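Here come two complexes built around chain A, the first alongside chain B, the second alongside chain C.
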Partner chain A sequence: MQTGMQARKYRLQGAGLDLALPYLMLAPGLMVVLGVLVYPLWDGLRASTRAYRYGSPVADVGFHNYVQLWSDAQFLNSLWVTVKFVALSVSIEAVLGFALALFCLHEFRGIRLLRTVLIIPMVITPVVVAILFRLIYASDAGMLTALSEAMGGGGVQILGNPLNAFIGLVVLDVWEWTPLMFLILLAGLQSLPHEPFEAARVDGAGSWRVFADLTFPMMRPVLAIAIVLRTIDAFGTFDQVFVLTRGGPGEATRLISIYGYDTAFKFQQTGYAAALFVTIGLVVLALAFSAIRLLRRIDAS
Partner chain B sequence: MMHSSRLTRRSVIKGGLGLALATTALTTLGLPMPARAAGKKVIIGAFADGGLTPFKEKIIPLAKEQGFDIQFLEDEYGVTLEKWFADAQSGAGQYDLYLLDDPWVPQFGAANVLEDLGAGGIDGSDKDWIGSMIDMGYWPPQKGPRVKGFENAKPTLICVPFVGDLQTLTYRNDVFTGGAPKTWDEVIAKGKEGVAAGKIKYPVVFRGVSGNPIVTSWYPVFLSFGGSFFDDKWNPIFNSAEGKASADFFVGTMKQNTASGVVEFDSDQEGAAILGGDAGAIIQYSGNALKADDPAQTKVAGKLDFGVVPKQEKAIAQMGIFIAGVPKSAPNKANSIEFLKWYVSAETQAKLSEAGSIPVKRSAFGIAKPGNRLIPVALQQLDAGALPRPRTPDWAKVEELLGIELNKALQAGSGGGAALDTAAKQVKDYLTTAGYY
Partner chain C sequence: MSTRLARILTTIFVLAVVLLPIYWLVSTSLKSNREITQEGTLYPHVPTLDNYVRLFTEKQFGSYLTNSVVVTFFSVAIALVFGAMGAYAIARFRLPFAAERKIGLFLLTLRIIPPVVILIPVYLLMLSLGLLDSWLGLIATYTAFNVTFCVWMMESFFREIPVDLEEAAMVDGDSRFGAFRRITLPLAAPGLAATAIFAVLVTFNEFLFALALTATPRAMTMPRGTATLIGRIDTDWASMSAAGVIGALPIVFFALLVQRHLVRGLTMGAVK
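Right, the complex of A and B next:
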């Protein structure tokens, strides 16, 4: 009798452990998520509804900070610069990345080395990349100026001219992040089934026809994912601009991340900066959801 | 026979525990902390600037002899304000002493994050202080307008001057052969002759990057044209006729007579231009001036002299000193205050002066080492006039707004006056929102 009861107790204990174990194993991760994601997010949302003075909250202002954003010429300018920067950079990276992936799909002597070399820019620390480009662009002692002078020309103005500085920033971003596009798209291309391509070749389809009717349609989901990922990432670009131009000349390269950083930390307008970042977060989230819906529609078709 | 390894609950828990233990062991035992000298520890935060070189090279070793264990942490200028403010406000306690740029004092003062150094035994009324320098250590300020909320507060000494610094003129003595140019017109005219003679590439050089750099370069021109920044009610008046004339001169005449890439010039390019022999004259703080006689750091050693800033109406420079504050969260507060008392003593200031820096005590001005030509000129400039920037906790934002507009005008090469009008409106709007009126 005693033995039977004990056995039943052990069985129940075992069952309890089985029930609790998944939660116990989830607990540390859950606590980390609550601590480093949920709490800061909640705190940020709370801060966005407050007015700060000299770094401390002084009043609850509801949605005033959010409303004020849309009449802030500096915010609107930064948003516009960011949208232009993201659209231009990501488009060029997608086209270049796709072209490089198609090229590197072929097997030939040295292809492995080439693939490795192509992803090097992506693994360099962004700050180092920005310093490299500063050394290239500087009008007094930069590489471009040195080249120009060696060929009998004058100093090359990149960082001192609004349009050139903006283009210079896009070039930097394209140089650094095209490899990510290339890598994602190459993986996508390598995972495509061979049969449709063999069938097309048997039917005598040319390269362009194969690309237009098979490769591109089949790659659309991968391409969409790569573009969404890069877009979200590009919205948060900070290090390169901080080192290269600090948002100048004037406001030509002042991305929203730089404006938000200055607002929060330099000018101590914590609540206003929180509202700014929440707004941008919502914009990016909306973009991501739209992209996912687009993907589903593509899948369905 | 095929070996199969099953992932069991036990193996996952064992593996996880093993990983956690290994990580803990590596982080706690794997990286031994470097051994530090025993002594009264003081962690000093500073922004990288040549003006602190004499302190680093000559005074820190002396402090060690006095039993202080100095840990000197340097950062780039552009990030220190926000980094230290966050440290002070969160009470993180990463520093014992900040070497602030003096316009930051009001921001730290208004946030009430610095120790009262007067209560700590530092005498702000000592007549040996340079008056205009010690004034900058009080919040709210003892003189001049005060921002709302601090009208009736008692001024407290929250910072003490650490290294005196103010703008002076550095010029090429082979171009300006008659001595320091007295007016801006002379800087340009004689500079052009120097360019024509092939001695220099351009008459003048300055900083054009938006924000603090361009405002710092424009400020002495603005003051020399007779401009004032705010009235006593905090209304921006920098767009007065004098101010506009100075801005038009700055973005027009001065741009035409400087390096083509000046819009992107910061202190490193500016310093390279004068020390490299390209520029005829420059208004600068002591950081690069201290290198003027060192052949290892300049191509034109012996050809650089110092003078009072040129005038149009007055010869007034901007004063911008290194000023020390002890955060309330400092882990070694008592050591910091003891260190400051030792550092600002007349004896240590004399050593600082000997080392080449501009001291903060009047008695130390006469003790410059033979051949130090900067300190007597600094004293002349103090007598001629040197003004600090307005004492408002919102100076960083004001400087940003003005700097952007000046930078845009500089790109265009014209429209300085209009840029000041735009900036004045933006500043007024911002200060209105901040409750100044």
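Right, the complex of A and C next:
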């Protein structure tokens, strides 16, 4: 069987000019990727080992930039804020998304509307999502203030207070990305086999037992994929913060991407910023690869 | 009966949470600045389209929209052609040292790295090529990002099409490339369309690179232009909300067109 398929693949490859065809078909795309993604990646690595002044390299400093990162209080703080933000947002999204998916598993009227509406938050331009939430939080024009005043209260202060601003950012992310969790997990739930659930019903198992013994264990791989994808994505969050708080007040919402951007474009420390970004890239890749290995192990067992 | 009530209540709650912020955006965009900041009304008492008019007469939103459309169109079109060919090669050919699989994995790896990681060197590259603040600089950047995505997504579509059909065409005298163009490509059309629309969503929404690579209405895209409305001290809520509505409308429309394929795109094909 295996060799038969192999032979067929080779036969399909043809002869003459057709032999060069795969290379010709791969070449244009690869050239663009090499020029605009891979070369900059390498250039970024090179920049990260240099010191810059006024945007030009002035000295080779080896790993100095990388070492310096770990004694930079602002970097460590932005790393901490990012980890807090990612952990909090992604876990809330996973729980809410899972609950919503379980809720929508049984067809009922209105479910199509619900699914359609839930697509909106994750496709709206992130910049506009941030505007939406500025319009909710603003102390003068905000929806919260308007509602509070309509009920006889005073103005509401969100973005001026460090803790509230951070929570406000998490709420934004949850609003924007819970729908994605929901859609992935719903697709996962719908692809589960029916038999175990029918057997459990015949045995008279309660709905909590069914969830704990059947649904949750069977959903673990899909749940893991969803969480990994969201985590990787959340690490790179930039647009929403840039427009919502610009990292403030103080450093309360300054994610690592914002700090890196400011280091490069506001403070012109190109080499240092490059080292920072290379570090983020490595962290995310390490995360992704360990997640893939973990998934393989779940699959195997 | 009680589960039915719970369902209705939950549905209403979720709809409200999603739609209220959007209602507030649209409602704000129809108010005057005075009504927004001083009266704090819950709905526009004196609805006006002034904010929208002002965007186009005073704030150059015509340029931003044109730039967005041009940049999105070219970067998606080019990436789609290059990506379809690359994806097909990876899906169908077996190269020495399993090179095609390695290239596929390599493109996926590039896709996992957050784009912000290469922001600085891409900026330096465009600076040295004199492509800052130009359509070409943005198109080149977005094309590259889109190629990694298109290859990955379209490869899975091509794999679902049986090889037998191409074999039959080749037995009938078609060349290898002819079989791809005349048989496989049309069959993969729905997948191509889904990939294209998804690439449009991502490209139209992109902000970070537009922020770093553009500086004037000559090349600023919609999201980039919208961000210029956010002042340091004063915020022009009226213009900002109108800009938000204009920026969101085409994208929501596009997204609803491809609902079915959206999850696949958003999860890089991990979930169908």
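Going forward, the second predicted complex is superposed on the first by the 287 of 301 C-alpha atoms of A that agree within 3 Å, B and C clash if a C-alpha of one lies under 4 Å from a C-alpha of the other, contacts with A are read in each partner's own complex, and residues count from 1 in each chain.
We take it that a contact is a pair of C-beta atoms (placed from the backbone, for glycine too) under 8 Å apart; a residue touches a chain by one contact, two chains touch by 3 or more.
Given the structure is predicted, the values throughout are model-derived calculations rather than measurements.
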Partner chain(s) touched by A:N164 [first = chain B, second = chain C, both, neither]: neither
First (chain B), second (chain C), both or neither touched by A:D140: both
Which superposed partner A:L21 touches (first chain B, second chain C, both, neither): both
Partner chain in contact with A:K266 - chain B first, chain C second, else both or neither: first
Which of chain B and chain C A:V36 touches, first, second, both or neither: second
Residue contacts with chain A in the superposition, chain B compared against chain C: C
Touching partner for A:V128 - first (chain B), second (chain C), both, neither: second
First (chain B), second (chain C), both or neither touched by A:Y54: first
First (chain B), second (chain C), both or neither touched by A:L183: second
On chain A, positions contacted by chain B and by chain C: 21, 138, 140-141, 265
Chain B - residues contacting chain A, complex: 9, 78, 81-82, 85-86, 89, 107, 110-112, 208-211, 259-265, 269, 272-273, 393-394, 396-397, 400, 404, 407-408, 411, 434-435
Residues of chain C touching chain A in the complex: 4, 7-8, 10-11, 14-15, 17-22, 24-25, 28, 36-37, 40-42, 78-79, 81-83, 85-86, 88-90, 92-95, 100, 103, 107, 109-110, 112-125, 140-141, 143-145, 147-148, 151, 163, 166-167, 170, 175-177, 201, 204-205, 207-208, 211-212, 222-223, 226-227, 230, 235, 237, 240-241, 243-244, 247-248, 251-252, 254-256, 259, 262-263, 266-268, 270-272
Residue ranges of chain A in contact with chain B within the complex: 21, 53-56, 138-141, 154-155, 157, 159-162, 246-251, 262, 265-268
For the chain A and chain C complex, residues of the former touching the latter: 6, 8-14, 17-18, 21-23, 25-26, 28-30, 32-33, 35-41, 43-44, 47, 100, 103, 108, 110-111, 113-128, 131-136, 138, 140-141, 143, 145-147, 149-150, 175, 179-180, 183-184, 187-188, 222, 225-226, 229, 232, 235-236, 238-239, 242-243, 257, 260-261, 264-265, 270, 273-274, 277-278, 280-281, 284-285, 288
